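Dropping the structures in below, format is C-alpha cells.
Paired with chain B in one complex and with chain C in the other, chain A is shared by the two complexes that follow.
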Partner chain A sequence: MNKRPRIILYSLVGLSVVISFFPIVWLVLTSLKNTAGIYSWPVQYWPDPLTFQNYWSIFTETPELLRYVLNSFIVGVGCTVLTLSVGGLAGYALSRLRMRFAGVLMVIILSVSMFPPIALLPALFQTFLNLGLLNSFTGLILAHTGLFLPYTVWMLASYFRTLPVEIEEAARLDGMGFLRIFFSIILPLSWPGFVATGLIVFIFSWNEFPLSLVLMTQDAMRTAPVGISLYPGEFAFPWETISTATVIAIIPVLVITAIFQKQILGGLTAGSGK
Partner chain B sequence: MNAFNTLERRTQFVGIGFVTPTFLVIALILVYPVVQSIVLSVGQSSVDGFEPYRFVGLEHYAALMDDERFWRSLSVTLIFTAISIPLELVLGVGLALLMNESFHGKGLARLAVLFPWALPTALNALIWRWMYNADYGLFNAVGLESGIIGEPVNWLGDETLAMASMVIVSVWKTSSFMALIILAGLQSIPRDLYEAGRMDGMSRWQEFREITLPLLKGSIMVALIIRSMDALRTFELPFSLTDGGPDSATETLSLYAYKVIFEFVEFNAGSAIVVVQFAVIFLLSLLYIFTLRHKD
Partner chain C sequence: MANVSLQQIGKSYGGAVAVEAFNLEIRDGEFLVLLGPSGCGKSTTLRMIAGLESITRGDLLIGDARMNNVDPKNRGVAMVFQNYALYPHKTVAENMGMALKLQKMPKAEIEERIAGVADMLGLTAYLDRKPGSLSGGQRQRVAIGRAIVRTPEVFLFDEPLSNLDAKLRVKMRMELQELHDRLGVTSVYVTHDQVEAMTLADRIVIMDGGVIAQVGTPREVYDKPATEFVAGFIGSPAMNLMTMQSAADGSWRSNESQLVLPRLPGFDTKGANTIRVGIRPEHMTILDASAVGDDPWILPGKVMLAELLGADALLTLSVCGETMTARVNGVDYPEQGQQLAVRLNPEQLHAFDHDSKKALQV
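What follows is the complex of A and B.
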C-alpha cells in the first residue's frame, strides 16, 4: 500500500481512539481536581493542584458510595453464578440431548428476551413486594438471572454444538450418567465458553438499571449506577463526589474489558454471524 | 431395540429436568410480569392489594389517547430511535472497516472502541452531563476558546439541543457495539472474493458496493434489530442525563411509564403505557423479520 492511505488510516484510527476515550479521561481529570478547580472558569484542563482528596473523602465521609459498589459486586457475582449454572444445563440439554421440541424451546427463549424491562416493572414490583423480595440480594439476583438467561442459554448452546459428539457417546457407553458427563466432561471442555458468557453477564448485571432502581428502594441496597445517579438529590450536584464515585464504579468493568478483551469480543459476536 | 428406547426415554426425561429451572425463572421473571401488566392495564387496583382488582376494560387506554404527555413521549422515543440508529449504523460500518485493516496498535484501538460499550449507560449519562454543563462544562470551554461558539450554550436546557445531546451520547456508546457485530460479519467474508475483484479491476468503492455490502446484509440486519429494540426502550440515558427535560423534550416512553407507575403511583395507567410500548417493539421485530425473510 502506498503512503497516503496509511496516513489517512492512522489518523482515522487515532480519531476514533480519542473520541472513545476523552470522556473517560475528562472524568478522571475532574476527580483529581479540588472543588475550586472543578468549579472554575475558564475551565482547568489539567488539575491544579492535582489531588487525591476526593478519593480520600469518599472513604472517610461518604462510605455509602462504596457500599453501592459492593452491592453491585454481590449482585453481579450471584447473577453470573446462577445464570451459568441454570443456563448451562438448559443450553446443554437443548443443544446436545436431541430433545423433542428443542428448536421450539430455543425460539421461545429468544422471543422472551425481547421483552422490554419496563414492561416487567409493575408486576415484578408487586410480586416481589408480596414475596418479601424487595431490597434483598436474592430478589435482584433472581431478576437479573431471568433477564440474562436467554442470552446465556443461546451462547452456551452454540458453544456446546462445537464440541465433538464422540466423547459423549464413548462416556455414555462406559455407563456414565448424564450429570456426570455434564460436570466431568462437558464443563472442562467448554470453560472458555463459560468464561466469555460469564464475563458478559457480569457486565450486563453491573450495568443494569431499571430493575435495580425499582427492586432496591432502600438507599443501602442500591447498586452503583443507580446509587450514584440518585446521589445528587434534588438540586445540588456535587460533581467532585460524583466524578470520583463514577471512576470507582467503572474501574471493575474497564479492568475486566481490558484483560478479557478477546473473550468478550468473541462472546458478543458469536451468535450474530448466523 | 428395547434398550435404545429406554435410553431415549431417559434422555428426554433428563433433558426436561435440565431445562426446567431455566423455564421456571423465565416464567417468574419475564412471562408472568408481562401477562400481569396486561391484566393490570385493563383494571383498577392498588399496589398493596388493599383495593380489590376491578375490571375496567380499555378505560386506561382511552385516557392515554387524550394524554398529550404520552404522545409526546412516544414521538420522543421514535425520533430518538430514527435519528440515532442510522448514525450508529454509518459510524459502526466505518469503524468496522477500519478495525478490519491491519495496523500497529490494533489491540489498543479495539479496546478503545469496546470501552464505551462496557460502561453503565447511567454513568455514561452522568459523565456527559458534566461535559455539557452550561457553566463549567468542557464543551463550552473548548467551543468558546476555539471560537466555534460565540457565547456559552445551555446544551441540556434547550429542547432541540437536549435531544441532540442525548443522541450524541447514545451514538458514542453504541456505534462500537454495531461495529463489533459488523466486524464479525466482515471477517467471515472469504478473502479470495476480493482477490477476484481486484483481478477484474474493481476500485475499492466498487469492492465495497459489490462484495462487502451485500455479504454484510445479515450482520447489519442483526445489529439493526438488536439496537432498535434497545433504543425503543431507552430509559436510564434520559433518567440520568436530563430527567426527561426540558419540558418533556427528552422524556422517552420508558421514562414516562416509570414516572406514572412509581412517582404518580398509577400502576394501572402505567401498565397501559408499558403494554403500548411492548406492542410497538413487537411490531417492529415482526417487520424486521419479515423484511429479512423477504429479501433472502
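What follows is the complex of A and C.
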C-alpha cells in the first residue's frame, strides 16, 4: 500500500478511537476528582488531587449500587443464555432445514425489531402486570430476550451458513440425526459465533434502559443503568457518584469481553475443508 | 458389496428438472464414473444414491432392496466429499470411527478397525491429530479412511481430488485405483475431469443437461461417441467439428468455407441434408504442401498458430478456410504461417446428425 493512504487510514482510525474513548476517559478522570476538582474553573483535565475517595464512599454511602450491578448481571446472563438457546436453534433451522418461506420468516423476525422498545411498553407493562412478572428477573429476562432475539437469529443464521454443509451431510451418512448434528457438530464449530453474539446480547441487556426502568419499579430490583440514572436529586447533581458508579458498572462487561476475546477472534473451522 | 440399480430416476426442484429418466445398472464391484460439465446432474444423481437428495421419480435399488425412502445411514453407502468434510474438532481417529461409534460397536473393535485402515492408508502416525494440522492429501486420505472403516456396500465419491494440486491428484488417483483393486467395493465416482474418468472407470456415464448422453467403457466413449456432445467433451483438445451440406454428387460441402469432403464411407447419411463431421486432432496427418493432389482426403492448409506442449505440439490450422486443431509430434513441427497439407484419416472420422446430434450409424 502507498504511504499516503495509510496515513489517512491510521488518522481516521485514531480519530474514531479518540471520539469513542473520550467520554470513558473523562468518566474515569471525573471519578478520581474530588467535588471541588469537578466544579473548578478553568476545567481540570488531570485530577488534582487524585483521589480514590469516591470509590470508598460509593460502597459506604450508596451500598445499593452493588445490588444494581448484581441485578444487571443476573438479567444479562439469563437473557444471554435464553437468547442463544432459542436463537441458536431457530437460526439453525432457518439457515439449514429446507423449509418453505424461510426467507419470509427471516424478514418477519427482523421486522419485529423495527419497533422502538418504547412502543412495546404499554402492552408489555399491562401483560406483565397481569402475569405478575413485574419486578421479577424472569419478567425482565423474557422482555430482553424478546428484544434481542431477532438480532441473534440473524447473526447465528448467517454464521451457520458459513459452515460447510458437507460436514453435516457427512454426519448424516455417519448416522447422526438433526439434533445430534446440532449439538455435537454445529455447536462446537460455531462456538466463536455464539460467543460473539452472546457478548453483544449481554452488553445490549446490560445497557438497556426503557424496559428496565418501567418493568423494575422496586429499588431492590433495579438494574445498574436505571439505578445510576436515579442518583441526581432535585437540587443536586452528584457527578462524582454518578461517574464512579458508571465506571464500576462498566467493569463486569470489560472483564467478560477480555475473557472471551480470544474465542471471538480464533475460528474453529480450520481444517475441515481445503 | 452390492449392485446398484437406478430405474427411471428423476429429480426436480419445483419446476426445474435436474435429472431425467436416469436408467443404469451398476454391477457389483464396478468402478463407475459419472462425467459431465457443471450442472449436468451428475452430483445430484450421486446425492440421490447417498440419500442426501430426495428422489422425485423412479426407483433406487441397492443390492435389490428399494432405497428411495431409506435413511442415508442405513443405505450401506459411504461418501467422500470434495472438501473432505471432516469434523475439525475431532481427531483423525474420532473422525474415522464416528459411524461405528454411532452404531454402538464395541470400543475395542472400533479401535482395531481404525488401526487396520490407518495402516493401509499410512495414517497411523496421525491418528491423534486434528484435521487442521494435516496436509490436503492427508485430509483426503482421512476422508477415504472414514469411508473404508464402515465397510460399506457402495463407495460414493464427489469430485474427491478436485481440491488437490495437480501432482498430488495424480498420486491419489493411483492410490484410489489400487484401493479399488484391493477392496473391490462398488464405487460411483463423480468428476468433471476426463483424465480421472478415463483412467479410473470400468464404465463412464457421460451426462448432459440432466440426461445420460452415453454409457460405455473409456475405449468406447473415446472411439465411438454416441452424440456430438460426447465427441466434444471426451478428448483434449476437443474434436474438430464441421457443419457440412450434402451436394448432388454425394460429396459434402461447407457453407462457411471452401472445405469439400468426398462421400463419407461407412456412414448411413441417407436423407441427411446437413450433418456434423468430426475428426480428433490426433487423427490428422500433416504432410508437405505438395502432397495435395489426387487423394480427396488430403487438403491444403496453413498454420495459424503453433504451440509446443512438450512431447506434443498443437497446430491451429486453416484448412480450406475451416479452423481445425491438429496434435503433432513436438520434436519437429511446422511453424506459424507455413503452408502444408493435411490428411483426414477417413477411418477415424465421426459424423453426427445436425438436428438430433446423434452419431450416424456406421
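FYI, the second predicted complex is superposed on the first by the 228 of 274 C-alpha atoms of A that agree within 3 Å, B and C clash if a C-alpha of one lies under 4 Å from a C-alpha of the other, contacts with A are read in each partner's own complex, and residues count from 1 in each chain.
Here is the rule we go by: a contact is a pair of C-beta atoms (placed from the backbone, for glycine too) under 8 Å apart; a residue touches a chain by one contact, two chains touch by 3 or more.
Bear in mind that the values here come from a model prediction, so they are computed numbers and not experimental data.
Enquirer: Counting only touches as set out at the top, which of chain B and chain C does A:Met176 meet: first, second, both, neither?
Expert: A:Met176: touches chain C, not chain B.
Enquirer: Taking the superposition as given, does A:Val81 touch the first partner, chain B, the second, chain C, both, or neither?
Expert: The answer is neither, since A:Val81 touches no partner chain.
Enquirer: Is A:Val195 touching anything from chain B or chain C once the two structures are fitted on A? First, second, both or neither.
Expert: So A:Val195 meets neither chain B nor chain C here.
Enquirer: A:Ile185 contacts which: chain B (first), chain C (second), both, neither?
Expert: second
Enquirer: Have a look at where A:Val153 lands relative to chain B and chain C in the superposition and call it first, second, both or neither.
Expert: Touch status of A:Val153: first partner only.
Enquirer: Counting residues of chain A in contact, which comes out ahead: chain B or chain C?
Expert: Larger number of chain A residues touched: B.
Enquirer: Which partner chains sit in contact with A:Ile167 here, chain B, chain C, both or neither? Use first/second/both/neither.
Expert: After superposition on chain A, A:Ile167 lies in contact with chain C alone.
Enquirer: For chain A, give the residues common to its interface with chain B and its interface with chain C.
Expert: 172, 268-269, 272-273.
Enquirer: Which residues of chain B touch chain A in the complex?
Expert: 7, 11-12, 14-16, 18-19, 21-23, 25-26, 28-37, 40, 47-49, 95, 98, 101, 103, 105, 107-116, 118-128, 130-131, 135-138, 141, 145, 172, 176-177, 180-181, 183-185, 188, 218-219, 222-223, 229, 232-233, 235-236, 239-240, 253-254, 257-258, 261-262, 267, 270-271, 274-275, 277-278, 281-282, 285
Enquirer: Help me check something: in the complex, which residues belonging to chain C touch chain A?
Expert: Those residues of chain C that touch chain A are 50-52, 72-73, 77-79, 81-89, 98-99, 102-103, 130-134, 136, 139, 146, 163.
Enquirer: Using the touch definition from the top, list the residues of chain A that touch chain C in their complex.
Expert: Answer in residue numbers: 164, 166-167, 169-176, 185, 188-189, 268-274.
Enquirer: Residues of chain A touching chain B in their complex?
Expert: By the definition above, chain A touches chain B via 6, 9-10, 12-13, 16-17, 19-21, 23-24, 26-27, 30, 38-43, 45, 86-87, 89-90, 92-94, 97-100, 102, 105, 109, 112-127, 129-130, 142-143, 145-147, 149-150, 153, 172, 178, 203, 206-207, 209-210, 213-214, 224-226, 228-229, 239, 242-243, 246, 249-250, 253-254, 256-258, 261, 264-265, 268-269, 272-273.
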